[in-house]
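First subunit A sits with subunit B, and in the next complex the same chain sits with subunit C.
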Partner chain A sequence: MTLTWTDIGRSHEHCRGKRMETSIARRIGVFVRKYYWAYLFILGPVISTTVFLFIPMVSSFAFSLTEWSGLQPPQFVGLANYKKLLFDDPKFVKSFVNTTIFVILGQGSGPIFGLISALALNQKVRFRAGFRTAYFLPVMTSLVVVATVWKMLYNENGLINGLLRTVDLPTTRWLNNPATALVSVIVTSVWQGFGFETVIFLAALQAIPQELYEAAMIDGANAWNRFWHVTLPSLRPVIVMIYIIGIIGTYQVFDQIYVMTDGGPVNASRTIVFHLWDNFHYMKFGYASAVAYVLFAVLALFSYLQMKFLGRED
Partner chain B sequence: MATSRIGVRKLVGRTGIYVALIVSSIVMLVPFYWMVSTSLKVEADVFAYPPEWIPQPATLLHYAEVWTSLPFARFLFNSLFVAAMVTASNVFFSTIAGYAFAKLRFPGRDKLFFVLLLTLMVPFQVNLIPLYKMMDLFRWVDTYWALIVPSATSVFGLYLMRQYILSIPDELLDSARMDGCSEFGIFWRIVAPLALPGVATLAIFSFMGSWTSFLWPMIVTNSMNMRTLPVGIALLQEYHTTNWTQIMAGSTIAALPMIIVFLFMQRQFIEGLTAGAVKQ
Partner chain C sequence: MKRMPIFLSVVLVIVLAACGAPSTPAPTTPAGVTPPPAGVTTITVWDYYGTATPFQPEMIAAFEQENPNIKVKYESLDWDAMFEKLSVSMTTGTPPDVATVDMTWVPTWASLGAFADLGPLSGGQVNGVPLNEAFSEGAVEAMTFEGQTVVMLEDFDVYCLYYRADVFEEKGLEVPTTWQQLVEVGQQLVEDTDGNGVPDRYLYGIFPDAFRWAQFLYENDATMLNEDNTQAVFNSPEGVEATQFIVDIVNEYHIAFDIGEEEAITPIKDGRMAMFSDGPYMMGVIKDGAPEMEGMWKVAPHPYSKQPSSYLGGTGLAIPVRAANKEAAWKFVEFAMRVDNAIGVYTGSGAAPGLKAALESPEVSAADPYFGGQVTMPLFLQATETAHHFPYVRQWNEMYDIIDDMMGSALLEQKTVQQALDDAVTEINALLEE
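What follows is the complex of A and B.
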């Protein structure tokens, strides 16, 4: 329920009886007295969001229409950056493909591990909090630290190759081999992230009313039927949300690439945000902004799907 | 007969679950164990074959070295200071604005809130370059201002606190208003104390976000003295011909604060994660 300017004036007249028309100054006075606390309270976030979010967002699009490198002032070039990006930049195409592979493999496995571990933890096991902590530990650790540790594990003479050697399996330089670099980073990312999904799924599982299971048992449903007809449908909104968050988050992958492979070898693990950073690094501000906006467009598409899917639930 | 067969099957099933849980937990913990054990090894043993599970000899030397041979104390201070400031300001602004959006009536409230929520869809990278240019314009590059001010409020935090404060009964606020309490008084004496559990959750997430953030601090700082821990650790690998024992000592120190916070505030952690995700 919100009031309009005329409402305020009217209510004012009402309590004072019939008077001459309220002057604008007085209306403003009443308005200010009535609402200044509220506007004062929201001032910080509103200003900060405007300055650090809305303005950059619009500027970023304006930048993307310019050629702007380093010291020279920006030159308007229309959609030339986008044209080059989509049709004349094999590195960008490569980064887009890599990121999409990252999303497909990462999101194809992480949430499933999360669901399986949550289902196991939901079986009234002992030390549940302990197991949950083990899964969750990497989630709250800085990605840079996680990536650094795994870079050491993947080393030519690191733990992983050491273990493979003890059982006579072939070894490789995981992060220096174009065939394995991207997949190795994905493995690290799944290891780092699926504990988040475990925690979310576990909470969602515990929120499913027990009566649903009891009713299914009475109807003679076995464990598989109960999972398929009770658990999975109840989890549907959470599953959709997990996937959307996961897809959007994974499209922005950067930290672990920077630390572990630097986008290499020969762009084998270059991702969209790495490409953005690379261009920024060489002060191609206009071009990097265009990369950012293409990423934005991809993520906006997924956000739209999220609203569509989640909107249907209510 | 039948019951015992079900019993056996159940026993096998439970054993299977425990084996799976234990094996997967080992997979989760080994990299952490390896991080700590490497930090205690002598450099020559880092890549020994067969893998050296227990450091032989073990030394705490590298923990001393990171403080002296690298500006590590400075990284740690920067990370702590920035995370503390970001957390404090997020808690303040999100709680007070969350209160206004949850409980006060003012023209444009719902539209404004919706517009703010829309920004959650904008990936940070979109704003990166203009934000950097803005910092440059303000002459804030390579200062604490650039590390703190753009993250001083967050729409996610605002959303979290609004949802939390919505559950405070209106009668409580109205009776305080009758007693002549000012709006700020109501916020400070009634809403803030009742919102404390929500504040704890928000504080944890703000701290974690700032503590682990990498891309922005890397871009907006350029002197060694202004680097935060993640940036410092990432750059150490480029500058030094990778000295793994030292880097692992540094990584252990960087990982520790969040682990301690988690162990002590597990409930708030889990609640915060699931509040946004699982509908009540």
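What follows is the complex of A and C.
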């Protein structure tokens, strides 16, 4: 048999293909042998996340397109729930405005208190561990317990009004006054939560290399300059993280509203999740699911914007 | 490579385990507990009464002894959590066999067909007594939805006037029987302890909710909805007058104050409140929360303008329509409705038994030393004769919140009473059309 160049070329191609297939197969085999235990370990969380998070998320979206009481078959209504929510539900609008105010005031003050206390604790002060524990204790306490105690403090004859009376300052029914109900709950939330930011900021402050501060001092930077040009830029990733987590969490505020004001008086402290819960109470599961998805969309947008504008230098 | 089959097998097992969950939960038996023998039915009972429940272990044991083929799995839940948990369980098809339900929840659930019709199960009677003889007329009406008996009334809630008898006696005042007298007595009763011109002691406490508002509405011969429950009509002149009266006693006469979200026991104990309207269960709350005030409080019929009246509520025993063991569940309900067990509603929780025979028993009708030796239950029973339950409409829970907001905006003077009522009527009418 005479081999032609074509035969040799084809044979060469065939062998090269076979070598390539073997090479890919071998690479996959090596990869799997090397990492299959890792995949085995993460399989559990992946399955549970899929079953308990992703599947319910998809189901919830499906329910949001229906009118469903839970006890009778769901009726498909398309985007009617979303239309009503966005254009014909004054309580939802009020809830959204209240929640946004909550986020602005809560996140506008909480991380600042956290940073100030972290800066203070970063100094060489005595009993630093005790102070750190004291700041973090409210964070570890159940939010329901904190809300219940603060509800008693805000009582007409509670400690706050008592202190105000002793210095002849005017008092009010903090949780029963539409002008003060929401702010009163915000104060409670900030008090309860800023210890978390303190601990995070403190850890981040201690990771900033001292050489940066020494170099700044050599260049003649005063305390404010060092804070503005060294500390803050170094804390940027942590600040972004705290605000992303904080805004996501604060937009979902519910426990303290439920315990302290029940969304009142006259919806003055009604929030988005409280509105969602109310609609479950009305057995309007489809509509409640639509509220959840609108909230999800808002949070996704905020997170994207924050990552894009605040995290872009990282 | 030898480990690949093992790896793939493990993956396969996990995936199959995750996907192959049974459609109904398999019965589980706690460790150390002997499972019931074959032929024994286990019924699940959910109860929100708490530690003062009439369903004490002795009562359950007595039921099981009498019904050896029925075992009771008793679960205690908070009142707050019961609505959500029952909703979810009925939605998923795994409800308990018996549940205590607040009568204000009945409209929503009964309209969705969530409760079993107790008519066929009971044969129209309980423990051999026809329902219309075992319960008052108002109670039977409250237990019925569109011709079906959907709950058995375990305890009833109807409002009377609680008042500080010691302060009344000290000031030489008579208990008011009309709205006009309420204002006159209130003006002599209240005190301004801090000198700011606004009374802050011995006031009438107003809970700005549908329960109390409904009482004043009914007392002024007004109604919430029209006869076929298709339209709200409480912005009638009588409705405006009733609501205006509530606003006036707070903001104009200053003989009342808005309790808001506060627990009632707080102004009771600190003396801010010397009169309020509430149901029989409140007797137990005051006794527990303010034992030091024994002898200071008494109960009287609530003052009215045109006719005595009140809202009628309470706790019912319901069997969900998807319950697995309805016949066995009915046996438990009927056992709970025996006179001696129904008396436990009062001796345990201080509430008023729904069963007439229990209400009229010596144990429940005895003089109460806490209330100065007064026999209080007949006053509440008398109030049931003129009481009305809330409208049985699917949208009641939403209506309730709209009325709450209406009361709040009127009391805070964000709107005039007429405007607040008109807006609430418009909102409720739109709801009723859904």
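Everything below uses one rule, namely that the second predicted complex is superposed on the first by the 260 of 314 C-alpha atoms of A that agree within 3 Å, B and C clash if a C-alpha of one lies under 4 Å from a C-alpha of the other, contacts with A are read in each partner's own complex, and residues count from 1 in each chain.
Note that in this section contacts are C-beta pairs under 8 Å (C-beta built on N, C-alpha and C of every residue); 3 or more make two chains touch, one makes a residue touch a chain.
Just so we're clear, the structure is a prediction, and the values are computed from it rather than from any experiment.
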Task = Give one of first, second, both or neither to describe whether A:Ala215 is in contact with subunit B, with subunit C, with both, or with none.
result = neither
Message = Residues of subunit A touched by subunit B versus by subunit C: which partner has the larger set?
response = B
Ask   = Counting only touches as set out at the top, which of subunit B and subunit C does A:Ile28 meet: first, second, both, neither?
value = neither
Task = Once the structures are superposed on A, label A:Asn155 by its partner contacts, choosing first (subunit B), second (subunit C), both or neither.
result = both
Key: Contacts of A:Leu164 with subunit B and subunit C, given as first, second, both or neither   = neither
Inquiry  = For A:Ile112 in the superposed arrangement: first (subunit B), second (subunit C), both or neither?
reply    = neither
Task = Please work out whether A:Leu232 is in contact with subunit B alone, subunit C alone, both, or neither, and reply first, second, both or neither.
result = neither
Query = For A:Leu301, is the partner it touches subunit B (first), subunit C (second), both, or none of the two (neither)?
reply = neither
Request  = Using the touch definition from the top, say if A:Ile104 reaches subunit B (first), subunit C (second), both or neither.
outcome  = neither
Request  = Report for A:Gly44: first if it touches subunit B alone, second if subunit C alone, otherwise both or neither.
outcome  = both
Shared subunit A surface residues [contacts with subunit B and with subunit C] = 44, 51, 151, 155-157, 165, 280, 285
Note = Listed in rising order, subunit A residues that touch subunit C in their complex are 29, 32-33, 36, 40, 43-44, 47, 51, 69-72, 151, 155-157, 165, 173, 175-176, 178, 260-262, 264-267, 278, 280-283, 285
Ask   = How about subunit C: which of its residues touch subunit A in the complex?
value = 1, 3-4, 7, 10-11, 14-15, 18, 83-84, 87-88, 90-91, 108-109, 112-114, 194, 208, 258, 260-262, 266, 270, 272, 395, 397-398, 401, 404-405, 408-409, 412, 414
Inquiry  = Quick check: in the complex, which residue numbers of subunit B touch subunit A?
reply    = 14, 17-18, 20-21, 24-25, 27-32, 34-35, 38, 46-47, 49-51, 92-94, 96-97, 99-101, 104-110, 112, 116, 119, 121-134, 149-150, 152-153, 155, 158, 182-184, 187, 208, 211-212, 214-215, 219, 229-231, 233-234, 237, 244, 247-248, 251, 254-255, 258-259, 262-263, 266, 269-270, 273-274, 277-280
Query = Given the complex with subunit B, which residues does subunit A contribute to the contact?
reply = 1-4, 35, 37-39, 41-42, 44-46, 48-49, 51-57, 59-60, 63, 117, 120-121, 123, 125, 129-131, 133-138, 140-146, 148-153, 155-159, 162-163, 165-166, 191, 195-196, 199-200, 203-204, 207, 237-238, 241-242, 248, 251-252, 254-255, 258-259, 273, 276-277, 280, 285, 288-289, 292-293, 295-296, 299-300, 303
